[in-house]
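Presented sequentially are two complexes of chain A, the first with chain B as partner and the second with chain C.
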Partner chain A sequence: MSEPLARPRRKNPLARTRLPLLPQGARSRTAHGLTAAAAEGRFALQVCADCGHVLYPPRDACPRCLSAKLPFKNIDPNGRLIAETTVRISTDRYFHERMPWRIGTVQLDAGPAIVAHLHGDTVEGERVRLTLKLDKSGSAVMFALPAQETPHMQADRHWREMTCDPQYRRVLISDGRNAVGQAMAKAFAEAGASTVFVGIADPWKPFPGEAELRNIAPIEVVPLDVTDTASVAELAAQNGGRIDILVNTAEHVRPGGIIERGNLSVAREEIDIRYFGMMRLAQAFGPALRFRGADGVNSATAFVNLLSVHALMNWPAYGASSAAEAACLSASQCLRAELRPGGVKVLNAFFGPLETEWYQTVPPPKLAPAALARAVVAALQDGLEDIFVGDIAQDVRERLNTNPKALERELGSH
Partner chain B sequence: MPRQPSARRSYEGVVACQPVTIPYRRYSTESAAWWIGRALRELVKKSGLRPQDLDGFALSSFTIGPDTAIGLTQHLGLSPRWLDHIPLGGASGVVALRRAARAVQAGDAEFVACVGADTNHVDSFRRTLSTFSRFAQDAVYPYGSGGPNASFALITRNYMNRFGATREDFGKLCVAQRDNALSVPHALMKQKLTLDAYLAARPIADPIHLFDCVMPCAGAEAFLVCREETARAQGWTHVRVLATIERHNAFPDDPIQIRGGWAMDAGELWAMAGLHTGSVDFVETYDDYPVISMLQFEDLGFCGKGEAPDFVRSHTFTNDGSFPHNTSGGQLSTGQAGAAGGYLGLVEAIGQLTDTAPGGRVPNARIGLVSGFGMINYDRGLASCAAVLARAA
Partner chain C sequence: MTTTPDLLAFANAIASGTIRVIDLTQTLSPEFPTIVLPPEFGQCAPFRMEEISRYDARGPAWYWNNFTVGEHTGTHFDAPIHWVSGKDLPDNAVDTIPPAKFIAPAAVLDCSKEAADNADFILTIPFVEAWEAKHGRIEAGSWVLLRTDWSKKSYADYPGLRDDGAHTPGPGPEVVKWLVEERDVHGFGTETIGTDAGQAHHFNPPYPAHFYMHGKGRYGLQCLTRLDQLPPKGAVIVAAPLKIKQGSGSPLRVLALVKA
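Moving on to the complex of A and B:
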């Protein structure tokens, strides 16, 4: 049985901060097929297109028929834990300071035997469910969970190495003036975050929802304007070492394409708030996040980007805005590489039109800010890296996989 | 397709001789090339050959990288006309023997020096593990990095669950091997091991405890393969090769390893040798972990699958016992010098059958069985092999 997570003690300011170490992240190119599945929380293995054989470890030829057609497909993750061991001595520095560490052999119903990390509630000889997780190195690993949910299973020590659970962590929401920022603050408060800092530009200006926000216990309103480098730097100097999860909720959604805009002023604002805003946050808070990746129960763990799904394919009705989102997506990939040495994940949450003022004329389905916030919290609890929230985002994702050119034409035809 | 054992040519007229061991060291500041050079020098010195007489060279070494055998020819000043690099870990010795024997038999080479050698710098074991194979990189090393201890812990645990082996059974093998090692001057483990001490040792990766694990070290082993008539003319004591087998990636569908390739080929081994299991006077298994020795007892036919625990309980394994086993102490007591570990049993067997073994002798030993096992690529050892050797008449 997992024990509930204990609230971390206040950190001794004189104590040395333990530096982050990573498990070995090097993988063969083919094995990153598992990383792609893990990033989205899918369980996929190679399945031979010619003979149907399910393979593991990843290969470049089928060991049954030598076919080279070995796509990764979603697979039944259930199996049985046939043998386990508790590793007590490790040659690897990351595991060395995390001993003892349990691993085991899982025989999947789908065929292969897989060596996996074990959740503390798994039992040798019994049924388990395999998941693919991104470990601190950012590469995929197999992780076996008990077949049924168990109490406090999120608190498992090995599991928390794979996830970014907000419980007892301190969160910064970069902009609390908008509906998404407020929904996000509430969702993190409910998920057990110990402090939720909510950034407000020009706090002397009142805003809708302010009273409610200030009444929620772990929420602390702080002055923050993502378009002002000095403001961002000031907050980072004060609180940067106490922020474990940063969620950038700054938004600036305006309709219109390139030609129709007629000038650059709105586009400049979009770029300033979205792209430069993200850069300012990353430059100010990134160093501390990366430094504190192994700093106990409330170690730094994630940087969250909220991205329009049209970062992936331009939607001309919001064409200039889509382009700014695409810039943020590209920057997020850079940020991932820069935060990875600290074991800190970058979660990209892609969404379609929201139930908010600037999407007023867009037909349904639209996504409620609260649903987006719940999805972000769930993705952090699961340690994901890319999520597609809501029907439109899922739809765009599917169509992008099938025929991106058709998607481009169809999005541009209204 | 079923094969007919009789289709294989015998090794008539070919012998192995000049067993060489360069005393092991826990850590060495020297390179693998240094250890290989020491082994060859000793081989040359013992045999009276000159280096240029060695026209065949087979090498196994994990730590010689980026070189392979070809680079070593220039490094060591050899000009062989037959060359082999055998990266098969614990199967290296027997595989080198069977390849060299065919080369000599066919006349492709006259004197084949077979060498297994590795160095052990303070950090080389970790480096070898983390880049051991693609599957190890993708699917083993990121999992707790217990290295082979963890992989064999899973195999051992499963074997205990299925067949009722106990830690006492494994301990009995380890204790007997330690007894055998006490008279071997170069064994790294010099203290007697009791069953109580074995059982009380600290856990490494449950159920593997300290004395189930080999000690990584530096060292070198070598022997010479040549024609029988040459050995006689030179006055070299030698052993005959009665039969060998080799198999890789056997039983890939077993979800966890309970048998090795020997189980496919043991019948052929005994048929080729014209002997049966009762004919052997001693057995050298590859003992990276005691459970693997048990698999070899079963798969080579000394008992049935799952019967090794009973077999162990009903025999004694010291050199004067009912089933002399790992007569120099095996890797568990002498140390595992990388690929030299795959030569250790073979070199010791040649010593036993030529009355030159450095430690205790098995009385009246005429037939010896040597078995090899190696290369845990993902979750199991892939290579298995064995040879039956006989004292020269």
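Moving on to the complex of A and C:
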């Protein structure tokens, strides 16, 4: 049985910070099919299109019929832990520091037997549920969980290596003036974050929800304006070394397309707040996040981007705004590569129209800020990298997979 | 018989401190409040600065910055072209205003007591007449500067934002029209974020300091500070905006020359 996570002791400010190490992360191009599934929290294996054989590890030819048609498909993740062992010594620097480490063989109901990392509550001979997780190197690994939830299972030491659980971590919400930022602050407070720093720009400007925000216990309001390089640098200088999860909630949603904008004033604000804002946060907080990727139980663990799903396909009704979102999406991919050496994940949460002021005239379905916040917290608890929250985001994702050109035309037709 | 002014004596008086130079300018900084418009309108950019280099790899021996700023950010000058009522006047933009207009005397109306407990204090004709009874008539070509001590407020209180908009003192419509037509003033200057009162949107006409002053080719100054160091009369204001092609205004350094 897992023990509840103990509140980490305050760090000795005189102690050396141990540098992050990564497990071996090289994968074949085909094997990144597992990475793609792990990033979204799916369990997928190759299934031979010709003979139906379920394969593991990933291959380029079916070992049964030699077919090269081996698409990844979502598979029943249930099976039995048929053998386990505990590794006590390793020459690998990453595992060496984390010994002992349990691994075992899972016989999947779907066919293959797979060597996996084991959650502490799994028992040899018992049923387990296999998951694909992104380890600190960002590549997919197999991780077996007990078939049923167990108390405090989130606190398992190995599991915490794979996830970005906010519990006892210190979170920075970059903009608490808007509904999403406030919902996010509350969700992280409820998820057990030890401190939730909430950035407020232009503190002389009152905003709705201010009193409530200031009254939530682990929330600490801090001056932060993502459009002001000096302000971002100042907060990073003061608090950068004790922020484990950064959630960029700065938004600037305005309807209108490229021609309709008329000039660059609003477009500049969009780029300044969204793209440059993200860049300022990454430049100011990124180095400390990357440096602190193995800094104990509350190590630095994630940078969260909130992205309109129209970063993936422009929605001309909000066309200029969609373009700024696309810039952020591209930057997030770069940031992933830059933070990966520290074992720090970049979570992209995609969503459609929100139940907020700037989508006032957009018909439902719309996503409540609180639902988005819950989904982000859940994704961090699960260690995911890409989530599509709400009906519109999921619909856009599916249509992108099937016929992106049709999606482009349909989004542009009304 | 007119005597030629002795400019060297003037320079010496400044150097020796016989003439004091008072800086009426707020520091341009990212934190200083910028005017707030409804979010569907275009917004005035706040002051922002990006370091180009600071004796480092980006430029080893020199420190310099790029900055961005709106024409109406911080202590700034309003040209007549800023308002629709002044849009067709000659020499109405910061680059075409004759440079002699950038130096003018000032009448400083002290409303600090009246505004202390009343953010919606409105300047009226009787108030100015009472001031004139004490200090003499406002000379033609004078800046009229409204001292409210608003520059001493915290950033939170300075713009006076409440759930029904901004609350800061300013002039009523009648007095602005009267200052222009009956006193032929040079312009109107305030310590607050604009030349008009916070609630001037509800006046008739809305924003009278803008409407009447700029409609008659007069100028505006706002976000001034240290007006409490100026005499009611006798100060000379030096306020030259940046020479921006067809600019509607600009941040600037405002100096007051005062007899020590």
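The rule is short, and it goes like this: the second predicted complex is superposed on the first by the 414 of 414 C-alpha atoms of A that agree within 3 Å, B and C clash if a C-alpha of one lies under 4 Å from a C-alpha of the other, contacts with A are read in each partner's own complex, and residues count from 1 in each chain.
In this section, a contact is a pair of C-beta atoms (placed from the backbone, for glycine too) under 8 Å apart; a residue touches a chain by one contact, two chains touch by 3 or more.
All figures in this text were calculated on a predicted structure; none of them were measured in a lab.
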With the two complexes superposed on chain A, say which partner A:A317 touches: chain B (first), chain C (second), both, or neither.
neither
With both structures fitted on chain A, tell me whether chain B or chain C touches more of chain A's residues.
B
Taking the superposition as given, does A:P63 touch the first partner, chain B, the second, chain C, both, or neither?
first
Looking at the overlay, what does A:S231 touch: chain B (first), chain C (second), both, or neither?
second
Answer with first, second, both or neither: which of chain B and chain C does A:V54 touch in the superposed model?
neither
Which partner chains sit in contact with A:P203 here, chain B, chain C, both or neither? Use first/second/both/neither.
second
So, A:V266: does it touch chain B (first), chain C (second), both, or neither?
second
Please work out whether A:D135 is in contact with chain B alone, chain C alone, both, or neither, and reply first, second, both or neither.
first
With the two complexes superposed on chain A, say which partner A:H117 touches: chain B (first), chain C (second), both, or neither.
first
Touching chain B and also chain C: which chain A residues?
none
Chain A residues touching chain C in their complex are 202-206, 225, 227-231, 265-266, 269
Would you tell me which residues of chain A are touching chain B in their complex?
23-28, 31, 56-58, 63, 82-92, 94-95, 101-105, 107, 113-117, 124-125, 135, 137, 139, 141-142
Touching chain A in the complex: which residues of chain C?
30, 33, 36, 42-43, 46, 48-51, 154-159, 161-163
Along chain B, where are the residues that touch chain A in the complex?
125-126, 129-130, 134-135, 137-147, 149-151, 153-155, 157-158, 161, 202-208, 252, 255-256, 378-379
